[in-house]
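In what follows, chain A forms one complex with chain B and a second complex with chain C.
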Partner chain A sequence: MDSPKENDINYADLTDENIINYENLIKEDEEKKPLVSEYDVIENYKVNYIDSEIFSKKINQLKNDCKGYRSVRKDGNCFYRSFSYKYFELINKNKNSKWSQEMKKIAKDSINVLTSVNFEKETIEDFYDFFMDAFDPQKFREISFVDEYTSNGIVFYLRLICSAELKINHEAYEMFLEEPLDSFISRQVEPLGRDVDNVQIMAIVNALKVCINIAYLDSTNNNVNWIKFGEEYQKDANSPVINLLFTPGHYDMLYHNDENV
Partner chain B sequence: MDTVTKRLIKEIKNIQNSPNEQIPELHPISDDDLLEWKAVILGQEDSYYKGGRFELAISVPKTYPIQPPKIRFVTKICHPNVHFKTGEICLDLLKTEWSPAWTLQSACMAICVLLTQPEPSSPLNCDAANLLRCGDELGYKSLIQMYVNMYAKQQ
Partner chain C sequence: MSAAQTLQRQFREFQKNPLPGFNVELKEDNIFVWDIGIFGPPDTIYEGGYFKATMKFSEDYPFNPPSFTFNNPFYHPNVYTDGRLCISILHPPTPDPMSGERPEERWNPTQSVESILLSVISLLTDPNVSSPANVDAGVMYRNDRKQYEQIVREEVERSKRDIPENVTVPKSAEDFIVKNQPEIEEDESFWYDDEVDEEWDEDYMSDE
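Then we have the complex of A and B:
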């Protein structure tokens, strides 16, 4: 059975069971897709749930700044996966640049940061190894985002980096939370498959000292809205920035016009 | 060596180095298959499960610890969040809130905590949950202890 097409869904007869079946079918379809897609030009970007007229208008706007994209699987880890792919890709493209060296140094030290907030080294070091392996261009291409276990391990390690930053500098984040920090971390940050809020994005930006620029594409009539996180880490105009695309409920990667692909 | 084996060997060493007195047994059933484990947890002294010794069956998926282990009670137990017939456990940590930073030992400890802190709002055993929700503490206690005496008494 294929996942239902919009026209096949009988909205008058949506029982709980039907909804669950549809959800499972969508999930199964999604699991057949690669974790990270091939690069494609921005004109080919497809999105669900947004009125197509508004959507094509906004894709046209995006074209002023961006030429292409990569999609990631919609499994609740999309921000972590998009971010980490783009992060390693930018670093590996110019391995010996000052910025890449700095990024690697911060990543290398992260295991000490994590053990300082009581993560046990034995339980996390395998994931640390997956993360550090992605600094090797060959492993990055062939394993890190191809093998599901490894890729999820990298996502998880990034979640731990986020968790540790939230714990260490809690006074900077607590005011944005609607529940105690500990329960926020154990329910929303550390488990795989939980999507991000701005708090997690801020924590990752601060922990890794990177700048993320996100284009928000929604169904309103406003123009595409760009929001930069961690502008202070963009030391000069040439420092790499991680460009992401947000559509309702999902993050993918964007490639800026002046980026080499 | 694959990642799950590597990880489980580390866990076995950790369990041997720092055993938990509430979990007197936690090990693979045989040396040939590291993916099937047996655990025994004890009812805490200050709980209705006092004097009980409960066997758990742990099945570790090949994708562990990215995916959670499957844990169920083998010993019959009366608890709002445990299915009386199958021993299935309703605990967020074993499902949606699992994180690879947990271990088999910490998961067993969470099950020990569940014994003293049931969640009657998400029951698998409605009879036990209803007693608790109605505030029939005496009935709840008697039911639990009857089953502890029938099935889980320590030798």
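Then we have the complex of A and C:
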């Protein structure tokens, strides 16, 4: 698909109606896409469908560290979907490694963590099963991120993990919130389709004890900015890190140069 | 996994441990449409009544809430004149500052049919008059409670003809309390056996 060049857009024409129509077009277009795209080389990455000089320059910069990417559907669950895909992919790639075993143990125990903050087991079991099934390489490839119902179940379970961590260690997070914790959780964390702020990322990192490294691409002239969450969980240089790419309003996955694809 | 399987499990759970005060069946064996019968709670103006309603579930249940509609006119501030129930638990938690509904009261995939039915029962006698679906009923509930109760009592009388023959009507408040079920020794694996699941699937799927 050809993307419009940045200069092709006539900003004078951007009435509310035009914007809404454009948003609906994007939404329809998105719903036709797979939840998670095939792997592609980083050169082909397009930011928000637009060829812009500044973003091209930054994608070029990214090449120093990263060779490829996968995109996820833009539906407000992009962080959760990108994160969980990369998490299960890294674990399944080397199933018997110490790190993978540790990750699985934490995930297995998560249902007890959730019931300890008063989620009823019967109402969360299905989502837990979807999540745990993704530790099976075949189910991961064929179902977990292919079947929308299952994939949304995994996204929802990750939201519950985040919610439980926020409740359990609330004193570590409350200072970042502009509203009471309960209201933040029921408005911003648990509903599907709601984007993340850094607070949710921190909570997920702490709950699952993983390290996430995010490359931030914005439209300023500054260089690509990498921010690591949960560096303390990266015990040595070999323990896997989940590399993600943030462009305004959206998260996708990145593949580091030394990562096997 | 699909919504049909989730619903089948919840439905089997209802058959195993019925919720006192409710009669739950499938409409024409369709797992996505449930026939609900609500016995009017004792010591309320609804006592003795039997109110039929239909719950419809979507293919992406429980990610989206079901709908709940009374089959017959139901005079209540939070029920539209066509029978549709308007209650926060059936609304997704989208930002809607005008609704006055707290987000934690809204739909969330950890809710269940049981939590909806319990919310309906508490709404019957405790209407939310701040955002009425039936404005007339809301105004009358506030200003002329006597006449409001009169209308409800007439509906309760009419509703009695809907009581199915094969159902025992709970009579006392006691009958409405969830009793501690005696532990029945049962082979748990029966409910989770894959083969059984598949048979259920075929039964329900073939109707579509």
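Basically, the second predicted complex is superposed on the first by the 236 of 261 C-alpha atoms of A that agree within 3 Å, B and C clash if a C-alpha of one lies under 4 Å from a C-alpha of the other, contacts with A are read in each partner's own complex, and residues count from 1 in each chain.
The rule we apply is simple: contacts are C-beta pairs under 8 Å (C-beta built on N, C-alpha and C of every residue); 3 or more make two chains touch, one makes a residue touch a chain.
Since the model is a prediction, treat every value here as computed from it, not as a measurement.
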Partners on chain A (chain B, chain C) - clash or fit: clash
Partner chain(s) touched by A:65 [first = chain B, second = chain C, both, neither]: neither
Which superposed partner A:218 touches (first chain B, second chain C, both, neither): neither
Chain B versus chain C as contact partner of A:123, first or second or both or neither: both
Chain touching more of chain A, residue-wise (chain B, chain C): C
Partner chain in contact with A:182 - chain B first, chain C second, else both or neither: second
Contacts of A:192 with chain B and chain C, given as first, second, both or neither: both
Touched partner set for A:152, first chain B, second chain C, both or neither: both
Partner chain(s) touched by A:136 [first = chain B, second = chain C, both, neither]: neither
Shared contact residues on chain A - chain B and chain C: 119-120, 122-124, 126-127, 149, 152-153, 156, 160, 186-187, 190-192
Residues on chain A engaged by chain C in the complex (per definition of touch): 119-120, 122-124, 126-127, 129-130, 147-150, 152-153, 156, 160, 182-183, 186-187, 190-192
Residues on chain B engaged by chain A in the complex (per definition of touch): 3, 6-7, 10-11, 14, 63, 65-66, 92, 96-101, 103
Residues on chain A engaged by chain B in the complex (per definition of touch): 119-120, 122-124, 126-127, 149, 152-153, 156, 159-160, 186-187, 190-193
Of all residues in chain C, those that touch chain A in their complex: 1-3, 6, 9, 13, 60, 63, 92-95, 102-104, 106, 108-112
